[in-house]
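I am attaching a structure below and will ask some questions about it afterwards.
As written, the chains take the letters A, B and C, and residue 1 is the first residue of each chain.
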């Protein structure tokens, strides 16, 4: 169960050196922009290759440089929601969501897609194109698309940063529902304090490529933790 | 500064005019390439300071160029027809025409070819897949070749195998490179590539119109005298010697 | 109308269609590889593929003869084993058009492929699709405009090929005289009425193709 990683990667003068472990919970990678949070997600998904380390989930080993294991992204079965949503512009909402399904009969696909449409309240939008729907709706499509394959973990890179306040609240609630329904590790990257505080089961604080503190929201925000976290904390 | 500019302009004008005063352009059938090359050298020795520019090609192409206004002083063709075409358009200088050489048509095969060919009739053999002749529309050698083939009643039977070359030297090149199985070219051409090409038959007299090369002055020539000297040289004993050397015959 | 005119028209279309078919297959593949992969000698391959675009067609024709003539590096083996040669056949015309127009297709397609957002490719991978499936379902459909424009341009270029074609296919009436060659022959022999007819037709057709290609490229960028 869960997700455990250790990564060392040097890229363009920046060094990422992190190690953490989570269970089937919603963990938030929290920190300033450029502290290595997105890079961590990309490595976990297999879109970038670490120099050293390992990536393990659910008893499966996806990366280990000492054993020369590097599973390509298409075989890792992680759901990924990108910062800019990245929906396929030439496919409808239905098409985008169904894209993650392979090797199923037409009727099965139809059923699963319908299930997702309902779960994410996208009724009526099935045949629309990404350019015709709102930001919040796009985000829900992206989530549906990632989750339809029942991935082993869900990775989200600042998924709500481009959304307005009220929609954000709604998305956070939705994500908590997902965490409950799907029982998989969920890793979310954000630099928004409110998000971190209200959504996380566990917060992993990043600073300049390293993990400086991990703990529950109350531990992180109420106990004295040092100079890196205080400025962030004071933003509440 | 202005003075410098004026001097430069005068110098270049002088240069231009000086050049044209002693330069002639000769359009000639490509089969004359080697012979005229040598005659040209002799001409330059006799007329120091003169410039001789040769424009070799298929006689038909050359005639079209002159019709279109190409600034040419002399035209030497491999057939009367092309000069006649020019004459009819009033582009020849009257009474400047002279027949200076004649030629024979031969059937050649690549020396490397293993297919036995001994006569024009052998072109019908199945092993002969490709035969090249000049394009009858533009190349005199092609027209003569067609006449020969029709004479032997072969035109319809081997038409399928024919490849047209844009000028007779191209046809010669195809056969020298063994790209084709046989070609009909001038004996003078075969002479030039005799290592790669062997003559297997000669077109008999009467199988085609006599191959006579005429040369004439083109109207509008800026160097009539110099051009006339070239014609004189070509028809002189010296010129004849060169032509004979390259396999041409002299018409009576 | 002359029967040669109809024949040369039919032949030109036939040659251009065959060449374009090959160009599309090879061109899309090459463009995709050049756009998405880095490998040793990539720059050299890129230059090699682009050369026919900047070389005079006669130089291209020359190289084709060296390779495929009866004495050519490859041609001699084919001739020895089968007694067949590609020169002076309409296949040679197809090959000449293929070589000369391929760079057009590759350049246009490659640009279109490179303009596809890389994150879309990443998204497809994380959703479980292989690189090949991603190319087929995401990259190429999004590069469609460039691909179509490239195809139309290549077809037009193939129709108009002359220099290399003349050298490898020759001018054989009824066999290899494509329309550009027929125009050349008509003009060379003073048959201006025939030449005029063909030239007018060809100009109109080329203009039409350019117009079509423009419609597709206008909305990209």
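Just so it is clear, a contact is a pair of C-beta atoms (placed from the backbone, for glycine too) under 8 Å apart; a residue touches a chain by one contact, two chains touch by 3 or more.
Everything numeric here is computed off the predicted structure, so don't read it as measured data.
The greatest centre-to-centre gap from chain A, using C-alpha centroids, is found for B.
Core chain by CA centroid proximity to the global CA centroid: C.
Note on chain placement: the centre of chain A and the centre of chain C lie 46 Å apart, centres being C-alpha means.
If you average the Cα atoms of chain A and of chain B, the two centres end up 81 Å apart. Taking each chain's centre as the average of its CA atoms, chain B and chain C sit 36 Å apart.
Residues 58, 60-61, 64, 67, 85, 130, 135, 137-138, 162-166, 177-180 of chain B are the ones that touch chain C when the two sit in their complex. Of all residues in chain A, only 45-47, 72-80, 82, 84, 86, 88-90, 99-100, 102, 145-146, 149 touch chain C in the complex they form. The touching residues of chain C, counted against chain B in their complex, run 69-71, 85, 87-88, 166, 170-173, 185, 187-191. The part of chain C that touches chain A in the complex is made up of residues 117, 119-120, 122-131, 137-138, 141-142.
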